[in-house]
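What follows is one structure encoded as structure tokens, with my remarks underneath.
Going in written order, the chains are labelled A, B, C, D and E, and every chain counts its residues from 1.
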Amino acid sequence: GSDTADAPNIDSSRIDPELQAMLPDDVRESGILEVASDVPYPPFEFYDTDGKTVVGLDPDLGKAIGDLLGLELRFNAVTYDTMIPSLASGKYDLAFTGMSDTPDRQKQLTFVDYLTTGGSFLITGDSEEQPAALEDLCGLSVGAQSGTYIVEFLQTQVAPGCPAAAQLDLSQFTGQDDLVNALRSGRVDVAVIPSPSAGYLVETTGDEFDVSMSLDVGLVGIAFPREDAQLAAAFQAALQHLMDDGTYAEILDSYGLGDNVLTEATIDAGSV
Amino acid sequence: MPVRPLRRPWRWGAGAVIIVVAALLARSIATNPRFEWSVAWDYVFSRQLAEGALMTLQLTVICMVIGVALGITLAIMRQSDLWLVRRAADLYVWFFRGTPVLVQIIFWFNLAALYPVIAVGVPGLEPWVTLDANTIITPMAAALLALGLNEAAYMSEIVRAGLLSVDDGQREAAQSLGMSRARIMRRIVLPQAMRVIIPPTGNETIGMLKTTALVSVVAVADLLYVTQTIYSQTFQTIPLLIAASIWYITLTTILSIGQARLEKRYSRGAHEVDTTPWTHRVRISLARFHAPVPRRLS
Amino acid sequence: MNVHTPLILAEGVYKRFGRTEVLRGIDLAVAPGEVCCIIGPSGSGKSTLLRCVNHLEKIQAGRIWVDGQMVGYADHGDHLQELPDREVQRRRAQIGMVFQRFNLFPHMTALENVVEGPIGVSRRPRAEAEEHARWLLERVGLAEKANAYPRHLSGGQQQRVAIARALAMRPRAMLFDEPTSALDPELVGEVLTVMKALAAEGMTMMVVTHEVSFAREVADTVVFMDEGQIVEHGPARDVIIDPQSPRTREFLTRVS
Amino acid sequence: MPVRPLRRPWRWGAGAVIIVVAALLARSIATNPRFEWSVAWDYVFSRQLAEGALMTLQLTVICMVIGVALGITLAIMRQSDLWLVRRAADLYVWFFRGTPVLVQIIFWFNLAALYPVIAVGVPGLEPWVTLDANTIITPMAAALLALGLNEAAYMSEIVRAGLLSVDDGQREAAQSLGMSRARIMRRIVLPQAMRVIIPPTGNETIGMLKTTALVSVVAVADLLYVTQTIYSQTFQTIPLLIAASIWYITLTTILSIGQARLEKRYSRGAHEVDTTPWTHRVRISLARFHAPVPRRLS
Amino acid sequence: MNVHTPLILAEGVYKRFGRTEVLRGIDLAVAPGEVCCIIGPSGSGKSTLLRCVNHLEKIQAGRIWVDGQMVGYADHGDHLQELPDREVQRRRAQIGMVFQRFNLFPHMTALENVVEGPIGVSRRPRAEAEEHARWLLERVGLAEKANAYPRHLSGGQQQRVAIARALAMRPRAMLFDEPTSALDPELVGEVLTVMKALAAEGMTMMVVTHEVSFAREVADTVVFMDEGQIVEHGPARDVIIDPQSPRTREFLTRVS
């Protein structure tokens, strides 16, 4: 946290003075941003084999943006429960944690969108149920992580369309690991999880899991306190710069997220 | 001759400090805009939180009933004169106090992952009954099992302390009347042990209100879980936590009143409980100083 | 066993706590209706002997019979069989005991203390038990303290409630551990009256006491104990007025 | 004549059932492949879990020290004869038992959101000292504050029950020697209350081992948090929870042994604690049946 | 106050528990070195009176002085000032008290019970306090029980430890609540010897007892209490042998 008063660690070779000029004065001077991140949330952020260093898509992208702006982004592990109060209290400057950009949340925070996201239907490798469309979920036992946009999506877009005889049986779980456990033990037939996570999961666990279908729903953004619009704008410009020069696509590809790229860095464009 | 009570200036000073600090804190909390009191109040009366509170209360009551009943049984088992019974109870307490209740919940809930089929029968032969673990262990059942069994281990320690506090002479006097062990426990020992058992049991009950939040890992929607679900969507963390705290503190107050009632009931004959309301007591102590000395009688 | 079967019979009773030998071979017979007073210096094992008769202490050797039934064991000819709890309880109910430290139930009123046994063990109807209890409390002079808790009673009052509690079980024999130790002389007189009435009704009693005058009044026989052994045993008058053993004589001369 | 102890066939039957069930369970647990014992064992000895366990132990010890010290103070305050002191302590207990400890941790951690600057001084005047809340309240400080202050409320109830269990005659006898209140508390009342205080305090300590997991919300890496962190990346949930449980049960065992020692120490003079090892005891009870009746002595 | 200042002086002491009037105007003076025995029926308020002298009970009216100092209050001429705890404690340390139910500290051995006061209150060095304690235990015949816990002592042994504990504070006055109630006659003799020696050393004593013979032996003056009042008060021989009040006479005739 804020007790690290040491000098920022910046690679000055890539600094773009034009972008740097967009930063608020105090940020530019300190050269450090404290980032709140809900580690681990693979592939966005997770611990390296040493169990301490935070790695993943967000740190990589953060490093690329920081290089352009002449800033060091220090990632701190913080859970969702404390994230918003911590941003409000000034403990952290921004939240960079694969956070979905939704209209509700835009009332509290400003988002710089950097990824599309969707829901993937995760099933076990030997599953009999292979839902390939939204209607296929009707009558099944479906699990989702509580508090995600997916729950709201399933409740508002899917459940009402199901016939009375085959209602959507939705269970919510706090952690992704609880959800995966429920899928393993056969408590839920399908787990609908954010597509970035689903891809990573299938890759890491071999043939234990499969994705039977994916759908695009929303955007993922870097979150700033609403009063820090200037900082958000600087980030937007830097991200656009990375999109334009191809660094962005490279980073996403290295995490198998080529399908989720955006071409334009937007602010508060999430609408679900 | 009038009597002047002891002057204890530092006491009044301390009292004044307490009152001032309390008042300042109260004002600062009530007026701080970051608490968003209006949002908090709206949520307090929302259906979702009310339902969550109801679930929390249900879980607490059921788990405490399981915990107390099994805890008393275990405490008595631990005084058994059969070595195996004593050790079995010790083992139970050791194991359930030793493992995190979170692990226990996950274990029960995911029993199916470990034992997809529960077979009852003699090992080696065809099982008599075969049950699908997922069907019989609903999330609710898993939560109740884990919290109830876990609580029993803690309760057994509390009951054991209570039994220790009763003088052996009481058991002997009851034995000499020819009372059975069970009756001695029920009529003589437990009622006296209650004075010592109730306060820590109050702790456990009030603690359980909060521990039930762990069941969210198996998607049972208790109060804290409902709160977290809402604020992880809307990001109104602080007002929502305040709303939940108002519910918790209300439930705690109700339970504390129940505790005080029980304590009073079980302290009959045991020690002076001054039940005079304090306003009345002030009046008495003032009156005492002005009361005429009773007529000389001898 | 004799022709006149004793109601209480002890044979070679031996008891130790850890390494302390407390009873070192006690032989004693108390006939039905007899009042036997046990006197002796402090720590000589008087209380322990009473407790053994009620099977509150297991003995390490020897045997005790009450009313022809062995305490704690059944005699199967070639071996002794430990008795089940229920049987031990049934036999205890037939022996009343008044403890040196009273041991009243503090969470019950005087009346509740007295009716607990009859209602809970003998399964008497509450109304009948309460009537009997009130009568007993009156007999020990505590009619008006029926609803007081033990904490609010003086030592002497507690002692008398304990006596009423034991009598309420209508026992075959009564064991008193220093029944008058907390009583003033006036009340000693009252308790004496109660005990004499009991004796007249044929109640067998073992009474540990340190008041020789009390023993003289109430006892048929007197036992003098010292260091876990019976030093002298005989008719009250003989033991008190003309003791044979020098130890007894020494003890009694100290009594002013 | 030889003595035959009571035959209690149902007891031996129950014993046999307990042993068989325990053995079957043990075998089934040891051989079930889903537990992935080898993975679990590897993690038990990993640096990460060991460090997590150390953090958990540290937090537990510090928070319990705060909790016990403050809890005793509160329990004594609640017996004060000054109304305000009594009520202030009651209020403390009510408030801290009433709010979830999660909320308390978040509150302390984010004090800065509510009070960015902590000013000490007289209201209305220039403050004497001004502190940046974010600098002084590190995650660790927030965790210790929240858990310690919360625990004190629970401990005060336990201590109160203990004080209730000591006979008033003890206080009076000490008073009649001219002992001061503080000394009576320290030398006479507390040592006797300890027998009743220790078992529930053991509960609290062992419970605290698990409660420290809540500090993960402020990213203090305790044992359970470390475990969860690992399995939410590797999805090896069950073996990791087993590894954590092995650590927890080890720590619990150590604490339980400490508890038993303390209990023994404070039961001196209080009641028979049979310290004979049970093997020895069996030998004694066998010997008793064969011991010659001592020579007739009278 | 008289010319011969009494060591203990009570004036119009009135005490009630709730509605029960327990002491209804007690006037009493005990001279230095005097042994004053209080006799009377159970519940007459004897124990309560002793407790008031030690300020263990607050009285509702009247005043008590010990050694010229008012108990619990300071006399400021026009008003009484409640004393701070420290002062009350200092005065209590000068009065020894032996309780009817002993109240030994169960978690301490006999020796630890006896040295607790001298070490903790009078701040004596441990070695000196233990030496004195052992001497006191020997005096009450318990030298070999110094390391026993109260639980393992018989009633009489506990009683004597309690006496030693009170004496260890080298008090100006001793209050005994039925000091012989748990003792056998032999030990009563021993305690009597101890008490006589104390009296010879000039110790002032108030002794509640129900043994008239004991009172006759040890007392200078005897007080007969009934229903919270002093009915008769005078030299021991007068009150016991030739009581004036019919109530006292009735009480004494019951003594066998």
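Note that in this section a residue touches a chain if its C-beta (ideal position, glycine included) is under 8 Å from a C-beta of that chain, and two chains touch if they have at least 3 such contacts.
All figures in this text were calculated on a predicted structure; none of them were measured in a lab.
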item: Shortest chain-hopping distance from subunit A out to subunit E; value: 2
item: Contact-graph distance - origin subunit D, target subunit E; value: 1
item: Chain of greatest Cα-centre distance to subunit E; value: A
item: Chain of greatest Cα-centre distance to subunit C; value: A
item: Rotation in the CA alignment of subunit B with subunit D, degrees, nearest 5; value: 180
item: Chain centre separation in whole Å, for subunit D relative to subunit A (CA means); value: 40
item: Computed distance of Cα centres, subunit D from subunit B, in Å; value: 15
item: Whole-Å separation of chain centres (CA-atom averages), subunit B against subunit C; value: 45
item: Overlap residues in subunit E, where contacts from two or more other chains coincide; value: 101
item: Shared interface positions of subunit D, touching two or more other chains; value: 102, 106, 110, 113-114, 237-238, 271
item: Two or more partner chains touched - positions in subunit A; value: 81-82, 85, 88, 175, 181
item: Chain contact graph, described as a line, ring, star, complete graph or other shape; value: other
item: All touching chain pairs, where touch follows the definition stated at the start; value: A-B, A-D, B-C, B-D, B-E, C-D, C-E, D-E
item: Subunit A - residues contacting subunit B, complex; value: 80-85, 88, 102, 104-105, 107-109, 143, 146-149, 152, 171-175, 178, 181-182, 184-187
item: Touch list for subunit D against partner subunit A, complex; value: 47-48, 102, 106, 109-114, 116, 133-135, 138-139, 216-219, 226, 228-235, 237-238
item: In the complex with subunit B, residue positions of subunit D that touch it; value: 8, 11, 14-15, 18-19, 22, 24, 28, 32, 34-35, 82-85, 88, 91, 94-95, 97-103, 106, 110, 113-115, 123, 154, 157-158, 160-162, 164-165, 168, 195-200, 202-204, 206-207, 210, 213, 224, 237-238, 241, 244-245, 248-249, 252-253, 256, 271, 278
item: Touch list for subunit C against partner subunit E, complex; value: 17, 39-43, 47, 100-101, 152, 154-157, 178, 181-189, 192, 210-214, 217, 251-252, 254-256
item: Contact set on subunit E toward subunit B in their complex; value: 12, 14, 24-27, 60-62, 73, 75-76, 78-84, 229-231
